[in-house]
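These notes are about the structure you will find just below.
A, B, C and D are the chain letters, set down in written order, and residue numbers restart from 1 in every chain.
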Amino acid sequence: MTITAAVVGASGYTGVELFRLLAGHPEVKLIGAYDIHNVGKLVGEVHPNLREIVNLKIVKPDYVKIGKQTDVVFVATPHRVAMKFVPKLLKEKAKIIDLSADYRFDDVKVYERFYTKHESPMVKGVYGTPELHRAKIKRARLVATPGCYPTAAILSLAPLVKQRLIDLDHIVIDAKTGTSGAGATPSEVTHHPLVCANIRAYAATTHRHAPEIDQELSKLAGGKVEAHFTPHLISIVRGILSTSHVFLQKSTSKKSLLELYRKFYAREPFVRVLEELPQVNFVVGSNYCDIGFELDAAGNRLVVVSAIDNLVKGASGQAIQNMNLMFGFDETKGLEVPALRP
Amino acid sequence: MTITAAVVGASGYTGVELFRLLAGHPEVKLIGAYDIHNVGKLVGEVHPNLREIVNLKIVKPDYVKIGKQTDVVFVATPHRVAMKFVPKLLKEKAKIIDLSADYRFDDVKVYERFYTKHESPMVKGVYGTPELHRAKIKRARLVATPGCYPTAAILSLAPLVKQRLIDLDHIVIDAKTGTSGAGATPSEVTHHPLVCANIRAYAATTHRHAPEIDQELSKLAGGKVEAHFTPHLISIVRGILSTSHVFLQKSTSKKSLLELYRKFYAREPFVRVLEELPQVNFVVGSNYCDIGFELDAAGNRLVVVSAIDNLVKGASGQAIQNMNLMFGFDETKGLEVPALRP
Amino acid sequence: MTITAAVVGASGYTGVELFRLLAGHPEVKLIGAYDIHNVGKLVGEVHPNLREIVNLKIVKPDYVKIGKQTDVVFVATPHRVAMKFVPKLLKEKAKIIDLSADYRFDDVKVYERFYTKHESPMVKGVYGTPELHRAKIKRARLVATPGCYPTAAILSLAPLVKQRLIDLDHIVIDAKTGTSGAGATPSEVTHHPLVCANIRAYAATTHRHAPEIDQELSKLAGGKVEAHFTPHLISIVRGILSTSHVFLQKSTSKKSLLELYRKFYAREPFVRVLEELPQVNFVVGSNYCDIGFELDAAGNRLVVVSAIDNLVKGASGQAIQNMNLMFGFDETKGLEVPALRP
Amino acid sequence: MTITAAVVGASGYTGVELFRLLAGHPEVKLIGAYDIHNVGKLVGEVHPNLREIVNLKIVKPDYVKIGKQTDVVFVATPHRVAMKFVPKLLKEKAKIIDLSADYRFDDVKVYERFYTKHESPMVKGVYGTPELHRAKIKRARLVATPGCYPTAAILSLAPLVKQRLIDLDHIVIDAKTGTSGAGATPSEVTHHPLVCANIRAYAATTHRHAPEIDQELSKLAGGKVEAHFTPHLISIVRGILSTSHVFLQKSTSKKSLLELYRKFYAREPFVRVLEELPQVNFVVGSNYCDIGFELDAAGNRLVVVSAIDNLVKGASGQAIQNMNLMFGFDETKGLEVPALRP
């Protein structure tokens, strides 16, 4: 079976990454590249890495037509935009995978606190972490691909939180991202002369990915969890390293923790549990989430580190993983490529 | 048809890149990872990007056995080493693709001037630029994969030199490489504190890739060409940008030069002729060589720029392209993945 | 008054940084550059930034002679080396400023747990944080310049710990350093191809700077404090960003915390308390420690961020600040140069 | 003697660099920071590296007042702006050092071809290369600080061109710059995700610094010289490496070339002639121009490499060097600080 796919938001970084990965997907025929910017240009003109590979012209979206023609629509528009047209797509036949935040929250009030008034609050997406919600994703019409930071943080903490092995009041998540997470629009925050030899923390207690993390950790714990999340911007393009500092309820051993993680992720094709601490160049370019940890001598303090490519497992790769589930393909299809290292 | 493949020199950067690319090749079964370093370790322990992907153990090489068992052996050992054992492999059935310089030179004296006394001077390889020597490569037992700088430089100049459109006495090639070209062994040259915010020229008139460039340009011109080659080391990991400064014999137009290049490379799957100047992030992670140029207002001075990933088109990817030719596979098999950008 | 100064350990990165800063110090005459490496070379040959600026030849050290001739000796040798010869210097007239860890610990057992058996355990240094120990430093014969991470961490937490405003059991310090902190000797950890597009955590619960931090925070608190310290290596050359995640004993306001910090550091020439979060490019090249913080909406969780140049305030600059105190110079002499930004 | 100084264009990168260097100049009192952007803010708010160091408020410029009050005005506005107000300043007492291109050209038609219609074509500046035009600079009311690329290129070639030792028709200058040269305004060209792991050539035959280079080389040669200049953008913040590929009229030796350069620059405080090839981290943060070269075995082809900090010797530092000359100060005043390395 081959399905037809389209990308709305063809100019941005999750858009180009979807094209890059879908171009090699054996079950997918790319039929549409939509955007309000760069209309009339070839995808390969806007994204020169795709020249002679993705030969679609960028077209202004007509949502009714897209929804009728296309089996799966990837929504790669900015936050606050998807909610304006996803209901139109849902009226037609297309399944939808949204990469923005618009349908990630069970409680629309949380969304509205961190983003804006929701324009289609009754539409609900399935939170697209395959490792936690695989069954629901398979049946979904609309999947909301998780944020990049939440993906790294949630996967690294899920086994501990699920088993309530840690002090849930003192979960500190100190994350570091490359600049591609800031998107394709230039600004002072991504101005090379100010980023290249620099590192900064930002939104240290107020980042909008925090409520996503809390939502999913709370589900896992079966009760309200509020983690303490602080992101940093570093001078790399791709990759997130998420360092979680947690305190065990009782002293334990590295061996038993490794067993816990390995059991939890035993059948997961894209989670690798390591005996060493992961680094971003173990995963950049791939859909893997690598997880490792270090336990202090007393067996009480635990540092869990996870690494992902923010544009792959943290966005477009995970979106395709969800697509594979929604259409019954092998979950790893189109995502087998290993990371680039060096 | 599936063939068996092995890599001798499993610990280095061309080795890991061969594994990375071959892991996804549908016609290849990887059966051997050989090295004198890291013996007993899994490939994925030495190269964490390949963990759970390439599950071979690194073994000390027994060349007779390797030559008997394996359809194609990739030689990814340092210069001066391949020549010691390639003759042994050739006595058995294996076809050989050498990534070192040992069999690149038609005239062994040139090799000996830039490297060392050759230990198997009678053994000859085919210079593995598919765009120039495809027919010979198809029939070869031993292919010598070109150097990274020569690949970028030769492809960018071939149409001009072949047609003798430029002043052959004043070809200046100013090339810039990422640090992965220096290999996996740490040294002061690749010490991050001295490289990260730096750029340097090195071997400005004496680099050992110069005679390779001259050999191939001379063949194209049908007469002796000596280009002026100067390499630089810049603070990126992957990628070569090769900037050639040449002088046209007579004034011409951009249009006619574009036609020349497009005709020359019309059937080449991995050469893209651009209307703009290429950048390394158009190609990094892929097997493409992108070429573009700018002509001065008078139509006399021409700057030709080419970009490759030094580890892919500049080494392991081109080696696999050669393998595809030697075994009659589609030339692009296993090499379809687009570049990462951003 | 002009004093004579010498550097033992002229080849390393704290050595070159001492020369760079001392070359412009109006009260100092550099008279000796000592090392067991690079003997006979000029300082400017080993460190090309100092060519024609520091015209000393590197000489093998004769400690008796050095101790007699020199007013102040900077010890920029690796850990475990200073303790072998500092007692010899102390027998003569020289004052000594050690940049290694050898004399930083009040309790020699702590040193021995993290480093090695101490060879001169009876010799005691003053811990060289001017902001905390100025009076003692002024009178000292031997000052132990603090580690780079401890400098950033201690200064950022001192006001809170001194006032016991935070939960002392849940201090998480997540720090990020550039690669110059790893020193001048190449290794895989600083191999550019593996560092450049990467970030890693290391020694996540066991770093040897942790006991320094604990020693000083405990003195401030008037009781045992064990912070939870995790360092990371990022792809910049200079700079440390230290992010402390702490929990206030009772809800407070940003205003009152700003007052606390500003009062605490009111007379400090090299600590700047900011209203925004500091970034490393606010300070790189300078002796400043910038501190800022963000308080969560509830007023309970506090993220304190500090930034220093690891080679200046984190090593050689702070050493010179100590020298200024020990000899009665204006504390900022030779250290007035602002940071480079961009 | 202390003079008063002001900067018009306080928000940009040459502006902040002027403040950084002037803050430590013993003969200068900074009295004005002017701009149409950031009016009312402190310099240290806009440029956090200068917080608590430069305590001027940014004010909208009143040129008559500035010209009356100030001994020296640094013009750090964009090209095409200076020419609008410099004539007003010249009516008052101030001496003027312009860092833009507006007064660099002897022939205003050249300016107009590369920039725009000149609004004060009768006003002439002295081209501010102290090594070539020291006597004129000392007497000047208006000095035009050279471009960054021209500074590196001209100094590296001056001795050869002056003596006409090289083929003047085949001078190829292949230069590489950090991104700070692009200024403080974000754009796609300096967007970190597209620059960080990248290198590109741009304006390969048409850069507006080419006519500056040609103007000065022609003066040196005593006849028209047209060099072939191609710039590149690399992933560093500061620094230019300029690689000139030239052909000697007759075979010579490295020794005699070294003598030529050393004699030419014998009394220059900021040009260092090296026996090795310079690297940008030999000079970044300093006002030095380092020059070195490699001669091929035949003694015919010569590669001359020079390195500068584009914001110091390539802009603000050279401007201050010119100021020192114009006011009779020691030429090195305020510029003694060595480069940062590592």
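Here, a residue touches a chain if its C-beta (ideal position, glycine included) is under 8 Å from a C-beta of that chain, and two chains touch if they have at least 3 such contacts.
Here the structure is a predicted model, which is why all the values come from computation and not from measurement.
With C-D and B-D as the two chain pairs, more C-beta contacts join B-D.
With chains reduced to the mean position of their C-alpha atoms, the one farthest from chain B is C. If you average the Cα atoms of chain B and of chain C, the two centres end up 46 Å apart. Averaged C-alpha coordinates give centres for chain C and chain D that are 35 Å from one another. With centres set at the average Cα position, the gap from chain B to chain D is 39 Å. Shared interface positions of chain B, i.e. residues touching 2 or more other chains, are given as 13, 180, 184, 193, 197, 235-238, 279, 281, 341-342. Judged by the touch criterion defined above, the protein chains are all mutually in contact, each touching every other.
Of all the residues in chain C, the ones that touch chain A in their complex are 170, 172, 174, 176, 193-194, 197-202, 204-206, 228, 230, 232, 234-239, 241, 243, 245, 247, 277, 279-281, 284, 293-297, 301, 303, 305, 341-342. For chain A in complex with chain D, the residues that touch the partner chain are 13, 178-180, 182, 184, 186-188, 190-193, 195-197, 235-237. Contact residues of chain C toward chain D in the complex are 13, 16, 20, 23-24, 47-53, 180, 184, 197, 237-238, 272, 274, 276, 278-279, 281-283, 285-286, 290, 311, 336-342.
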